[in-house]
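Here it is, the structure, as structure tokens.
Letters A, B, C, D and E name the chains as they come in the text, with residue numbers starting at 1 for each one.
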Amino acid sequence: MDLASIVGILLGTALVIMGMLLEGDITMYFQLNSIFIVAGGTMGGVVLAYSFEHLKNALEALKIAFTDSDDDAGDIISILVSFAEKARREGLLALEDEASELDDDFLQKGIQLVVDGTDPQLVRNILETELDFLEERHSLSRGVFEKGAELSPAFGMIGTLIGLIGMLAQLDDPDAIGPGMATALITTLYGALMANLIFSPIAEKLKVKSQGEILAKEVMIEGILSIQAGENPRIVEEKLKAFLAPTTRNNFDEEGSEGRAVERDVAG
Amino acid sequence: MDLASIVGILLGTALVIMGMLLEGDITMYFQLNSIFIVAGGTMGGVVLAYSFEHLKNALEALKIAFTDSDDDAGDIISILVSFAEKARREGLLALEDEASELDDDFLQKGIQLVVDGTDPQLVRNILETELDFLEERHSLSRGVFEKGAELSPAFGMIGTLIGLIGMLAQLDDPDAIGPGMATALITTLYGALMANLIFSPIAEKLKVKSQGEILAKEVMIEGILSIQAGENPRIVEEKLKAFLAPTTRNNFDEEGSEGRAVERDVAG
Amino acid sequence: MDLASIVGILLGTALVIMGMLLEGDITMYFQLNSIFIVAGGTMGGVVLAYSFEHLKNALEALKIAFTDSDDDAGDIISILVSFAEKARREGLLALEDEASELDDDFLQKGIQLVVDGTDPQLVRNILETELDFLEERHSLSRGVFEKGAELSPAFGMIGTLIGLIGMLAQLDDPDAIGPGMATALITTLYGALMANLIFSPIAEKLKVKSQGEILAKEVMIEGILSIQAGENPRIVEEKLKAFLAPTTRNNFDEEGSEGRAVERDVAG
Amino acid sequence: MDLASIVGILLGTALVIMGMLLEGDITMYFQLNSIFIVAGGTMGGVVLAYSFEHLKNALEALKIAFTDSDDDAGDIISILVSFAEKARREGLLALEDEASELDDDFLQKGIQLVVDGTDPQLVRNILETELDFLEERHSLSRGVFEKGAELSPAFGMIGTLIGLIGMLAQLDDPDAIGPGMATALITTLYGALMANLIFSPIAEKLKVKSQGEILAKEVMIEGILSIQAGENPRIVEEKLKAFLAPTTRNNFDEEGSEGRAVERDVAG
Amino acid sequence: MDLASIVGILLGTALVIMGMLLEGDITMYFQLNSIFIVAGGTMGGVVLAYSFEHLKNALEALKIAFTDSDDDAGDIISILVSFAEKARREGLLALEDEASELDDDFLQKGIQLVVDGTDPQLVRNILETELDFLEERHSLSRGVFEKGAELSPAFGMIGTLIGLIGMLAQLDDPDAIGPGMATALITTLYGALMANLIFSPIAEKLKVKSQGEILAKEVMIEGILSIQAGENPRIVEEKLKAFLAPTTRNNFDEEGSEGRAVERDVAG
């Protein structure tokens, strides 16, 4: 569970409901017709703009937005440095067994390519192409939420216009203008809530998580190529740590100090 | 038929009409004058901004938005891998007949260039130039819809201003202000519907489809150049699969497993 | 005459006027004061933002927006292929006379550089620098219209605020609020019309035409360098056709088939 | 004096004042409180966003927006071509005296580096680094005005909200709503005027002038490196003229024809 | 303390409070409910969009926005030039002690890599990777404030809609509409103030400071690599000064003149 996502959406919802309760009767903010226009119109626009497959991917991306990502760059560096040591001691072929046990498909594929003796230029080429298209797929899934954030206030306004026009055209009793206006404005409220409480923050979360995953994969590519080039494990570690924030890096140094002591014995 | 496009536009329209019906008489939302101002003004602006040829291309792009694309990267990879095998067994010239049967002009041209013995650098140059200008043409056709999405709410507001000014300037009876306002607001409603139910989602759909087509063509370029370089079909497959999503890739592996078994016999 | 530009601006204007006529008396939409504020304020902002020279260039760009461009990439390719043939038969110097008869300064200059025996790297360097700065000049002229499209609705709102404040501050008779409001809103209407009927579409048209001209010049650069490199005219044609849309390309093939038949005799 | 800047700001101001005079009493548009909120709030936001040093630079940039720039690319090319001739006749060292008399620090420094026998790659490196950071400094100074254009309408709205809330909360006499509204709207008017009459056009002017200065410096870099490489002055001229607009170029040819006649005698 | 940040936020706040005081009773602008909706909703959206770690980083970035940065490029150049001199006289190893006393981790790490005899290409690679990810982390922290600037006016509007709907739906007494409206508008006011007085200027400040830090680090990378290449200290200084504004550069020349006199003796 991504705690921040849960806390964020609950906090926002709670405060909006609190605001409504303070106005008196919360039921006056509930209107089925408005929900249909905003949610249905927005969904119509999004379905027209994308394919059902993109929508399925976007639903999976939604799961990602609410679960913790396991792209800890620190862990990946530890694994890569230990692979670099093993490759130096026992040769590249020794990595085959370890690769098959990896969770991450991308890292596994990269190591397998190296074990297979693929040309380094081709390894980089294949992995970077995969990364480019991963980025493109992420951006498409995010696009569904961005389009939702763009269309939902528009359909909120459309619903309010429909309500206003209906009320004004049939206006007999000037006293009815207040409640009629209130009813019409509810659709605008729904559109604004959908965009700002749900779609826009989730699109941003997906962007941030995508950057994290891409960073992790960039670390993997650099590490895999360094291992293939037979670089000194200490150099590999130094290179990969440049991808980390200084604070993360310090934690990593403490944890990793024993590992490196071992490595120095071996590499020395 | 692109089912998502049809479903999307029908869903949105249905919900908006439902919203109108719930207000009472749906005829009060129909106003010919408003349609003329919004549709005509938007069309005027779009025609001024583009040429008739661009508009014709945009209409064809509209067809594309509502039909299924046949750019299945998986199929293209299968074809390219089988070509790579044939070229290895029988030489590049053997591809001439197969090329002539291809549906895709781009792929056909690329294979023909290879068969003609064109310099690899020139093959890449020609195909990438074509791809760049394909992208530019797509972006021009999409531009027509993006301009429509920008201009239609503006002409909706212009129509409403014209109505409001006319009503207010001649205001004798304060009771008439309600119905007059309703009439004026209908043009704003039309502008918002045109932009958010039609132009904006279609522009997005064209963008997504354009990305799919460009991806397919990038796969073709890589494949054609690999075939020309006489690369091992297994390597060709590995390289091209990097362009696919992991899920698609797995499907492809299952389907393609026999093909590869054959290929290994041959290439081994 | 660029027919689309003329038709577009007339269509938009006609529909807006029709909308006004349907409200009754069209004279109530005419207000000199409002024209002064919107047109004058916008012009003031644009003059402050640019120099008089840029404004003069923008006026010339306006002429371009309403006249047909003669950058037919097909014609240019025909000329370049015929030059490539002549250069192969009679040497580069033979192009001097033909170059002097060319309408296009850019193409003429490029051929002249080749005839003068300039280093190919320098030819590319000079022509690409010219193209970069052509693009920058186009973008400056377009900027005048984009700034106009940004400032005119703002000055429309400023005029309406001036009118509203004046009316409200002196409000004695509540019945006067309707006509006063109508008068104030006319300035907003003018600002919206200037931006959406004139400035914004013209800026887009200039952008589209600029892309066309740049494409034509890119074709020229490729062609000139191919001629200088003494490439086979058939290869030159193949390379340059990659810049065209497939449909245009087919037309070109039909027209050009005789030329190529001749060329093959020569080159063969 | 940059005449266009002066004319533009006077024209805009005059028409706005004219608009106010036509409403009757111009003093009703003057309200000290509103000036404080818009000007003070905008200044507060800008000071928070930048440092005092950036503000000082922005004030100097303001001077630049209202004075003529002396970056005439034509003059610079004349100087560089004459330097190229002198360097060919008398050697690079002969440029030392002339360089010391140059107004432009950038050109002077470049020539001095060449006279000092600095490595050409390092000369390019140093001059391009300077140009990059010149561009960054320009963009920071411009940013102050762009932030002003963004914040001033927002503080106009904030002032109007403060006025509206104050008026509505204390509303006893419905007749007072008109004048109260007028007073509240004045702050919105001030914000719109500050953004559209001052900040936005000045930011654009600075951008245009910055482009002009950067173009001039790019001409200098190309010229300096050509001189260092000992290129033929005619080639130098040809290369640098590619940076000019065709019209400017023609003027330059006429003026420069004598100079070139001399040069040909020498270079021939 | 970053004086401009403090002065800016105090100035803006003071003027807004002054504006409220002039309307009469300042307590009518204070409403707890509105604060909860705007601040809570915005915080909800930001927490959903980012992780708690990013929020912690954003709070630290807030500290940076209000404290003086110590990235004086002039000081850094002085240090690097003195290191270049020392390295020339006593060899690269002599820098080890001095490096260990440096405050800046980035510079220290770079010098240490050089002292360790790391390959120059790898040194550049490591330092530039660090710089890229520093830039990415800065942009994430800034994103928290940019998201706040985007969401707070939206939640201001949401709060106002909740208030308006509640008031209009229960409207009995038309006289109550004024005060009810005033109450509803307060939430819009809070949203506008949060965005324009706090979030937007702070995001800009962080951007400006980030650019300053990145400039300083770019100077360090150039300097470190020049020292490793054993370049003449005078050349190092000349290269690095290209990163400075001309005015800063002149100050630097005066301060640094003695240093350079010494250096010339040594290097000569």
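The criterion applied here is as follows: a residue touches a chain if its C-beta (ideal position, glycine included) is under 8 Å from a C-beta of that chain, and two chains touch if they have at least 3 such contacts.
Computed from a predicted model, the values in this text were never measured in an experiment.
**Q** Between subunit B and subunit E, which partner chains are common?
**A** Touching subunit B and subunit E alike, sorted by label: A.
**Q** Once the Cα atoms of subunit B and subunit C are superposed, what angle does the rotation have, between 0 and 180 degrees and to the nearest 5?
**A** 70
**Q** Measuring centre to centre with CA averages, how many angstrom lie between subunit A and subunit B?
**A** From the centre of subunit A to the centre of subunit B is 25 Å.
**Q** What whole-Å value do you get for the distance between subunit C and subunit E if each is reduced to the mean of its CA atoms?
**A** About 41 Å separates the centre of subunit C from that of subunit E.
**Q** Note the residues in subunit E that touch 2 or more other chains, in rising order.
**A** Not one residue in subunit E touches at least two other chains.
**Q** Quick one: do these chains touch in a line, a ring, a star, all-to-all (complete), or other?
**A** Looks like a ring, each chain touching just two neighbours.
**Q** Write out the stretch or stretches of subunit E touching subunit D in their complex.
**A** Subunit E residues touching subunit D: 2-5, 7-16, 18-20, 22-24, 28-29, 178-179, 181-183, 185-186, 188-189, 192-193, 195-197, 200-202, 204-205, 208, 211, 215, 235, 238-239, 242-246.
**Q** Hey, which residues of subunit C end up touching subunit D in the complex?
**A** Listed in rising order, the residues of subunit C that touch subunit D are 33, 36-37, 40-41, 43-52, 54-55, 105, 113, 118, 122, 125-127, 129-130, 133, 136-137, 140, 143, 147, 150-151, 154-155, 157-159, 161-171, 177.
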